[in-house]
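Consider the two complexes below, in which chain A is the common component and chain B and chain C are the respective partners.
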Partner chain A sequence: MGAFELNTTISNLRSLRESDLSACDAVYLGNIYCRLFEDNFLERMDDLTEGIARVKDQGLRAYVTSYAAPRNDALPKVQIALETAAAAGADAVEVHNLGVLRMVHEQFPGMAAHVGGFANVYTDAGAEVLKEYGAVRFTPNYEISLEEMEAIVRGAGIPAELQVHGKMPLGVSDYCFLLEYEQHWPEKCPVLCQKQLFLKQGDWAMRSVGKGVLSGKDLCMLEHLPALMDAGHRVFRIEAAYETPAYRLQIAQVYRAALERALAGDGTVDESAWQAIREHTAVGLCNGFYFGRTGSEYVGKRVEAATAC
Partner chain B sequence: MVELLAPAGNLEMVKAAVESGANAIYVGARGWSRRRDAFELSDEQVHDAVGIAHAGGVKLRVAVNTNMQSCELPALLEKMEKFVGWGVDGAIMTDVGAIAQVHRRFPHLVLHASIGANIVNNQDVAFYRSIGVSQVVADTKLTLRELASRQVDLDTGIEILIHANNCYTYLGKCWMSPYHRLERTTDNFGKDLFRGSPNRGGLDYRVCLEDWDLFDGKALLEPHIALKNDAFFYLDDIPALIELGVHCLKIQGREYPVPLVASIVRFYRELIDAYVAKPAEQAFDLTPWRLRLEALRAERDSRRGNMTLVLLNEARQPVPHTA
Partner chain C sequence: MRLFALWKSNCTTTDNRASLKVQKACVKLDDNVCRHTSVWPCSQTQGTIGANLDMERAIPGYGALTDSTPSTARGCGIGSPKSCAMLLAPAGSLEAARQAFQAGADAVYVGLRGWSRGGARGELDREQLRQCLELADAHQKRVQLAVNIIPKPQERQRLLQELSELADWGLQTVILNDAGFLREVRQELPGLAITASIGCGALNTDDALFYQDLGATAIVLPGYLEPEEIAAIKARASIQIEIMLHMVEEFIQLGKCWMPSYVHFAAADKIFPAQRLGGSVKRGGVGTCYRICQQPWTLLKDGAEADQRLFPSRQISRVAELAAFLDAGVDVIKIQGRSLFPEMVGAIIEMYRSAVDAWRCGQKGEWNAPALPAMWTVQGR
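Presenting the complex of A and B:
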């Protein structure tokens, strides 16, 4: 790994082919919410193999994610996806489910395991247990503050991956309510959830992706990157599983430039960066739980960016 | 014989649950369980609850199932030292690190993986068993077929929630509530209460039950979207669960009034006893039980609906910032 890693998420081969990943260092392949998502990498092993090769051919690291809440009936497919990832030379697998972590540990002992945000790492003791199961990196539960995260990293001796931009996961279900209504609309499953669907009430908004609930606002840590790097964090994610290739490219370019500047001790952010972020923000910006506050709040100088969209 | 596990949000409810026929009772340690502090017990009350339960021949478990902070683990172990010394029969927990530490310190204490652990497959069960858990609460979304497969494959005990909420999202994997409002407060003992985060021991504002409108970008696509979140009572599946050999039927409801909880416990006690006592070849008629349950359901729904309105209103209130 270079001085830092900036990664992103892509759900299927079509989106991967359309994406310019020149600003990224690594990619997580697969959609963690729904087996029916259009040509989900995790259900199409030929696509997954090609996807891993495409990513690696660009000199990037290829990671394969796995489902957030796999029931027994999904485990055989998870098993096949893990086998495919190993055979195709994936650099790591991401696990959100502790049963799947156990599968990776027992059956693929050479495979690096990244623990995902749905695995509920809240404590250093928890991270230590998962480290014993082969975890080499973890995304803390999304409710964790930066202060708590530092205690986990320090206590467990395992690096954290931080989402720095994009819709933040708020929940996962076994049920897609969109299916109840799709007969009213021209788009149907499996592409319906890729529309810009928002659940709104008053000033509340959440992005709906069917079985997944995401923040309406985009989590944005752009002006806090120097502090994150000062704290020793080096792995950053732009969450874009339901975003367009343009979003993936332009947001990644903004963050790569800002991270390189932060690394050089320059914490400034170009106005053009904020303009790019505004163009790709439907509801506003937030900081999630990083500052120990309500997840939809924004803390920083660019408060207008949080509410003006 | 299947165990009937009852909730208790105060000492009066502990007594009522004993008198109503529970085999075991669980209470939450104040600041450390998945309910607001009004329905949790102080350490001294946990001590008294153990005495009341054991005098009635009933087991007493303590829920310490918040997703806590790293810095709180020593305090948890200190608390558990007291509870174990007082004779609690088990602990209900979520955080894997806390489970591992408690198991190392108290290897003979029976540990139950909480509903918040969101155990959804057999590999999950095996994982939790490997860190010291001997009984797991099944996620409310699992089917009887999935539960049956556990009995075949695993020797870990299963607890089934027979009165609880079935949220839109998986329990333990939802942050909708604190995304809309999170208030950090500390109790008199310095415990952070995370008001708004059910996973961290604060109350859940139930924002999923808001009357949502669905927009495609800025265009209204569908008004009045209801995300499914139902409170349920098991009835039709109770005979099958008993036949399946599940270890424990668990009732949630520490937040309800004592008489209502007592009535629910008594209802299930009598139902289980009647089913177990009937000759094997005789059919079991659930019709009279269904009628009794309707009255309980009406009272529960009325109270739950009122509470939801209060919580949604509170969720709209600004958070006083101290920072």
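Presenting the complex of A and C:
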């Protein structure tokens, strides 16, 4: 890894082919919420093999994610995806489910495991357990503040991966209520959940992706990157599993430039960067739980960033 | 209260029917007709458990609590003989525990004030817990203690000390919610049985094996799993399987929802700043989820209103399928709802008791579940 890693998420081969990943260092392949997501990498092993090769051919690291909440019927497919990842030379697998972490540990001992945000790492004690199961990196539960995160990293001795931009996961379900609309809408599963669907109540909103709920606002840590790097963090994610290739490219470009400046001791952010972010923001910006506050709040100089666009 | 009165009037007939079936089932057990054996006794229908119990006199040594040094080997959770399914009831108060035992629960789970998911409503303080343990002991029942928030790192030692003291009182089982703390309790208090809470989010066989490796005695699974899934888990895992067959299935899985703290995190932290982490119910939070998913939402599609709706949720009560779950090897039938009224706890437990006993007596297919009145629902966790 270089001075830092900026990665993103892509759910299927079509989206991978359409995405310019020149601003990224690594990519997580697969959709963690739904087995029926359009051509989900995790269900199509030929696509997954090609996807890993495409990513690696670009000189990037290829990671394969796994389902957030798999029941037994999904485990055989998870097993095959892990085997495919190993055979195709994936650099790591991401696990949100502790049973899957155990599978990786038992059956693929050489495979690096990244623990995902749904694995509910809240404490250093929890992270230590997962480290013993082969975890080399973890995304803390999204409710964890930066202060708490530092204590976990210090206590467990493994690095954290921080989502720095994109819609923040807020929950996962066993049921897709969007299917109720198939009879009434022209869009059907498996592309229904890719529509711009928001659940709104008063002045706040959440993005529905069928079996998952995401923040309506985009988590944005752009102006806080110097502080993150000062705290020792080096792995950053742009969450884009339900976003367009243009989002993936332009947001990654903004963050790569800002991270390189931060590394050089320059904490400034170009106005053009904010313009690019505004263009890809449907509801507004937030900081999630990083500052120990309500997840939908925004803390920083860009007060207007928190308001609806 | 109006709704509760309605529930009472609705459930009278069902109540009686369930009681009758319990009594019949017990007669069969007494006559050694039952083909299943168990360490869990048939339900008790005679007398009123604890009705006239003077707790202060009943508990030896009752008085001011004193600290004791941590001990390391207590309880009989580890290595307990495998038994016929245990019926585990929620108890948010001593009265609820009493009603649950009276109705035939083998055990109750209670929250310890300040440390349980679900909040102050439905939690017992230390004295109430001691009385509950005494009540259970007097009737050969058990108590599980839900300490299922995730303690702050600086709180862990204090909580371990507290659990150690409670084990000295006779506590045998704790319900925990964090893999790290679970392992710590296993190492520090090896005699305590540990249940991995439903908030751990376990769903599959490998989850069960993970918590088994970690030293958990039991794992709680949601009631929307199918008997075939339970059988598959039991085929590979030796950990006890608890299944919450009576629960509210919310849209977001338990332990995987932080929608509330996306809206109200700061408020949560202000209410219990000393004892609880801010945030979701999983984490301890304010002890309530604000029912975000049960409020009306406007669904916008491409910026235009497409619908007004709630998140889907439903009351699960799979008593009619209980035999299939028992055949699959479920070890514990768990009922959700520490905030239920004691009378409702009693009525629900009575229904499940009769179903379990019918199964134990080989009455497969002969037991018909009474219809559930509308108010036999979980009011909150």
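Convention: the second predicted complex is superposed on the first by the 308 of 309 C-alpha atoms of A that agree within 3 Å, B and C clash if a C-alpha of one lies under 4 Å from a C-alpha of the other, contacts with A are read in each partner's own complex, and residues count from 1 in each chain.
One rule holds for everything that comes next: a residue touches a chain if its C-beta (ideal position, glycine included) is under 8 Å from a C-beta of that chain, and two chains touch if they have at least 3 such contacts.
Since the model is a prediction, treat every value here as computed from it, not as a measurement.
Engineer: Return fit or clash for chain B versus chain C, each positioned on chain A through the superposition.
Structural biologist: Clash - chain B and chain C, as placed by superposing on chain A, overlap.
Engineer: Applying the touch criterion given at the start, work out whether A:S11 contacts chain B, chain C, both or neither, answering first, second, both or neither.
Structural biologist: It touches nothing on chain B or chain C.
Engineer: If I apply the document's touch criterion, which positions on chain A are contacted by chain B in one structure and by chain C in the other?
Structural biologist: On chain A, the residues that contact chain B in one structure and chain C in the other are 68-72, 74-75, 97-103, 118, 120, 122-130, 133, 141-143, 151, 155, 168, 170-175, 177, 181, 185, 195-201, 204, 206, 208, 213, 215, 289, 292-296.
Engineer: Could you list, by residue number, the parts of chain A that touch chain C in their complex?
Structural biologist: Against chain C, the touching part of chain A is residues 68-72, 74-75, 97-103, 118, 120, 122-130, 133, 141-143, 151, 155, 168, 170-175, 177, 181, 185, 195-201, 204-206, 208, 213, 215, 289, 292-297.
Engineer: Please name which positions on chain B make contact with chain A in the complex.
Structural biologist: 67-71, 73, 94-98, 100-101, 117-118, 120-128, 130-131, 141-142, 146, 149, 168-170, 172-176, 178-184, 196-197, 199-200, 207, 210-217, 221-222, 225, 227-228, 316, 319, 321, 323
Engineer: In the complex formed with chain B, which residues of chain A make contact?
Structural biologist: Listed in rising order, the residues of chain A that touch chain B are 68-72, 74-75, 97-103, 118, 120, 122-130, 133, 141-143, 148, 151-152, 155, 168-175, 177, 181, 184-185, 195-202, 204, 206, 208, 213, 215, 282, 289, 291-296.
Engineer: Touching chain A in the complex: which residues of chain C?
Structural biologist: 150-153, 156, 178-181, 183-184, 200-211, 213-214, 224-225, 229, 232-233, 251-253, 255-259, 261-267, 269, 277-280, 282-283, 295-303, 306-307, 309, 311-312
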